[in-house]
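These are the structures, in structure tokens.
Both complexes shown next keep chain A, but they swap its partner, so chain B is in the first and chain C is in the second.
Up next is the complex of A and B:
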């Protein structure tokens, strides 16, 4: 009994460099030796997200409306957000929906969103200007008045696209004038930018605009009240959400590729927490044994 | 409103010169203002700027006619948005000027750590020059290549690498700090373990033998995780956000009315 307790006590004093090495190996090995991992279960929020896009695409009265895809993230969270963006773009392009990219959190979002759309455009026969447009980047503090003004005149207030062409002259923007011509909002975010859409844009038209959210995994818990209230019509939570969406689309991408490293690295965290706690309890037991002696 | 419509040709230059003269005059008048009058002036401008948004939001709107849904301030939202963009661009410019001022001096005087200043200035130039070049000469392949090299090859990769390092600290911190020392900590620990295991494929496989339907399905990890997030976490988040909202409202009012006190607000202007 005592040697086991001593061993467990030592288990809570692993050097941090060993922990770093363990994590690096847990992330790298499944990618090299292709460790098997079962498919991830689809959460109700991801399923709801998928269903909302499907319903929008199948509705002849709405599918001609523009989808706004906001890429409010930088390369720091691109593993999560870029994967979400590409999964959503697959779905939009597969359903031949017209969309506008927009970024107002960081200028990086403008470039990352553009790169994702360009990457997938040729596969689906999408052409810039004809099938999609990019509204460019706006500084965060200027977006509140911009959205409020755009409710009644989108091309007039957003002005020019990313290339400096007036939006009114771009074919995909023909017929897009007010908030009532927006069919869906998809917010891919690494910071709290969703509130602007909800406060100033989502419910000011003739009918509420279905709003979909792709936050990083650490931000996801804050969005659950919005799902319960119906202000959000679906959510892809971090890389897990993106992986689930890839499964729903039957379109394996980066998320499915890193599902094994993600699973095993989080399992490592659970095991280490268990080891640390076992060590703490062993220490207490050992102290009691010494007192009894 | 004619003042805020985009101009072109000779009129554009007239507007630019006019804006410069007006801005210069305002700055000159500000320098003439006695120090005692500067703070009330800043407070007045802050109040007026805030008042615009509050008044536009709360003022009744037309319910019929051409201006349905608008009030007399609504047409000025776009110019205000543009002004905010310009102000932020100025703030960015001031920031870069200040940064370069400090670090170029450090380099010129060979202060301790001046090598880091060289790296900083070099990094700014390495990104700014190709980015500006590409923006103003879009067809130039050299500019685009340089930009791709600096931005995608350098900045994006470094940024992602910096963020990924957090994972190592999370592992170390979770191992050292996540201990069941009290009842509250034990509840937190158990719920965290269920949420972690319930969101990864390997964790979900632990309870995949349970039926997918019926009462027993409630004990599958992914179902438990969803229950924690939607039934326990969501009300707690709402309560926290209500508190944050009230606090933000109070802080906003204090800033708007220039009642805020502290190091930034009590310094001599």
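Up next is the complex of A and C:
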């Protein structure tokens, strides 16, 4: 018993750099060697996300409306958010839905969203201006009044697209005037930007706009009440949410390719937490044993 | 042919640069060092420069400068002195001038915050009090969980129990005495810990995703794609 306790206590003194190396190896190994990984389980919120897009695309009364795809993230979270964006874009383009890109959290989101759309456009025969548009970037503080004003006049308040062309002159914007011409909002976010859409845009038109959310995994737990209240119509939580969506679309991408490293790294973290706790209890036990002696 | 016309070469250079930046930033995991400091400052500078460019290109130029200088909307010039009022906060004598513009923004923000709070939280409160607790609904409303009518009611009862116990924990208007109230509050505290555990788990997964993104880049794009010249 005592040697085991000593071993567990010693485990607590492992240099953190050894743990970093172990973690890096655990992530890298499944990328080089094919290791078994359990099949991806689709969560209800991802399935609901998928169904919402499908229902929108199948509804002839709504499918002509514009989808706003907000890319509010920077390169720091691109592993999660870029994968989500590309999965959603696959679905929108496959269903031939017209959409507008927009970014207001960080300017990097403007470029990352544009890059994702351009990457997939040729495959689906999408053309800028005809099938999609980019509203560009707006500083976060200006977006509240912008959204409130855009409720009545979208082209007038958003002004120009990313290239400086007035939105009113862009073919895909023809017939898009007020909040009632917006069919869906998809918010891909690495910070708390969703609230603006829900508070100032979602329910001010003739009918509520289905709002879909792609947060990083850190933010996902806080969004569950919004799913229960119907303010959100679906959610892709982080990289695993994006992976689930790739499975639903049968379109393996980055998420599906790295599900093995994600699973094994999570297992390692759980193991290390368990060992850390065991070490702490062992230390207390050893101290008690020494007192008794 | 210019350097920038050679797309494959540009790709190789950009991958090398990105790999060096990634390794430079991760070098802090070994210990604090000058290489890390250099790349940290490089990233901050790049991000700031890009923000300035985008703000000018997407906002100030088309929405302020061009209307003012080419479309005769001269009154936009008043935005400059109005904006400069903020800087009077640094003057003891003229600080009252900054309060004018701060007051204007505070008023607008307070009004919007009230609307925002109501629009964001009231539907959640309504959803919480409208949950069916006794009779299973004939056709379950579409929720995120796709529950059967019976399990939906069970779920709602559980939700109510958690809501009451957690709110009891945060009820500080009077001292929690007796046996029942502190016990409910104690359950609420444990339930909060469950929630924090779930958030912590999600946070770990998010951080792993970011690490995976960079290691995937290093293995796939840099080592396999450039160093070994193997793509796919």
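Methods note: the second predicted complex is superposed on the first by the 293 of 293 C-alpha atoms of A that agree within 3 Å, B and C clash if a C-alpha of one lies under 4 Å from a C-alpha of the other, contacts with A are read in each partner's own complex, and residues count from 1 in each chain.
The definition used in the following text is that contacts are C-beta pairs under 8 Å (C-beta built on N, C-alpha and C of every residue); 3 or more make two chains touch, one makes a residue touch a chain.
Predicted model, so just to flag it, every value in this text is computed and none were measured.
Colleague: Could you check whether chain B and chain C clash or fit when both are placed on chain A?
Modeller: They clash.
Colleague: Identify the partner contact of A:14: answer first if only chain B is touched, second if only chain C is, both if each is, neither if none is.
Modeller: The answer is first: A:14 touches chain B but not chain C.
Colleague: Under the stated touch criterion, which partner chain does A:247 make contact with: chain B (first), chain C (second), both, or neither?
Modeller: neither
Colleague: Touching A:230 in the superposition: chain B (first), chain C (second), both, neither?
Modeller: A:230 sits against chain C, while chain B stays out of touch.
Colleague: Does chain B (first) or chain C (second) touch A:31, or do both, or does neither?
Modeller: After superposition on chain A, A:31 lies in contact with chain C alone.
Colleague: By the touch definition at the top of the document, which applies to A:275: first (chain B), second (chain C), both, or neither?
Modeller: It touches chain B, and chain C stays clear.
Colleague: With the two complexes superposed on chain A, say which partner A:199 touches: chain B (first), chain C (second), both, or neither.
Modeller: After superposing on A, A:199 lies in contact with chain C but is clear of chain B.
Colleague: Identify the partner contact of A:261: answer first if only chain B is touched, second if only chain C is, both if each is, neither if none is.
Modeller: second
Colleague: Looking at the overlay, does A:72 come into contact with chain B only (first), chain C only (second), both, or neither?
Modeller: A:72 sits against neither chain B nor chain C.
Colleague: Looking at A:211 after the superposition, I want to know if it touches chain B, chain C, both of them or none. Which is it: first, second, both, neither?
Modeller: neither
Colleague: Please state which segment of chain C collides with chain B in the superposed model; the candidates are 99-107, 117-125 or 171-179.
Modeller: After superposing on chain A, the clashing stretch of chain C is 99-107.
Colleague: Would you tell me the residues on chain A in contact with chain B in one complex that are also in contact with chain C in the other?
Modeller: In chain A, positions 20, 23-24, 27, 44, 74, 76-79, 108, 138-139, 142, 144-145, 148, 159, 217, 220-222, 224-225, 227-228, 237, 240, 262, 265-266, 269 sit in both the chain B and chain C interfaces.
Colleague: In the complex formed with chain A, which residues of chain B make contact?
Modeller: Result: residues 6, 53, 56, 69-70, 74, 77-78, 80-82, 84-85, 88-89, 138, 151, 155-157, 159-160, 162-164, 167-168, 170-172, 174-176, 178-181, 189, 193, 196-197, 199-205, 208, 222, 226, 229-230, 233-235, 237-238, 241 of chain B touch chain A.
Colleague: Where on chain A is chain B touching in the complex?
Modeller: The contact residues of chain A facing chain B are 14, 16, 19-20, 22-24, 27, 37-41, 43-44, 74-79, 108, 111-112, 138-139, 141-146, 148-149, 151-152, 156-157, 159, 163, 217, 220-222, 224-225, 227-228, 237, 240, 259-260, 262-270, 272-273, 275-277, 280.
Colleague: List the residues on chain C that touch chain A in their complex, please.
Modeller: Spelled out, the residues of chain C in touch with chain A are 29-30, 47, 50-51, 53-55, 57-59, 62-63, 108, 112, 115-117, 119-120, 123-124, 126-128, 142-146, 159, 195, 198-199, 202-206, 208-216, 219-220.
Colleague: For chain A, which residues count as touching chain C in their complex?
Modeller: 17, 20, 23-24, 27-28, 31-32, 44-45, 47-48, 74, 76-80, 106-108, 110, 136-139, 142, 144-145, 148, 159-160, 162, 164, 195-196, 198-200, 202-203, 216-218, 220-222, 224-232, 234-235, 237-240, 254, 257-258, 261-262, 265-266, 269
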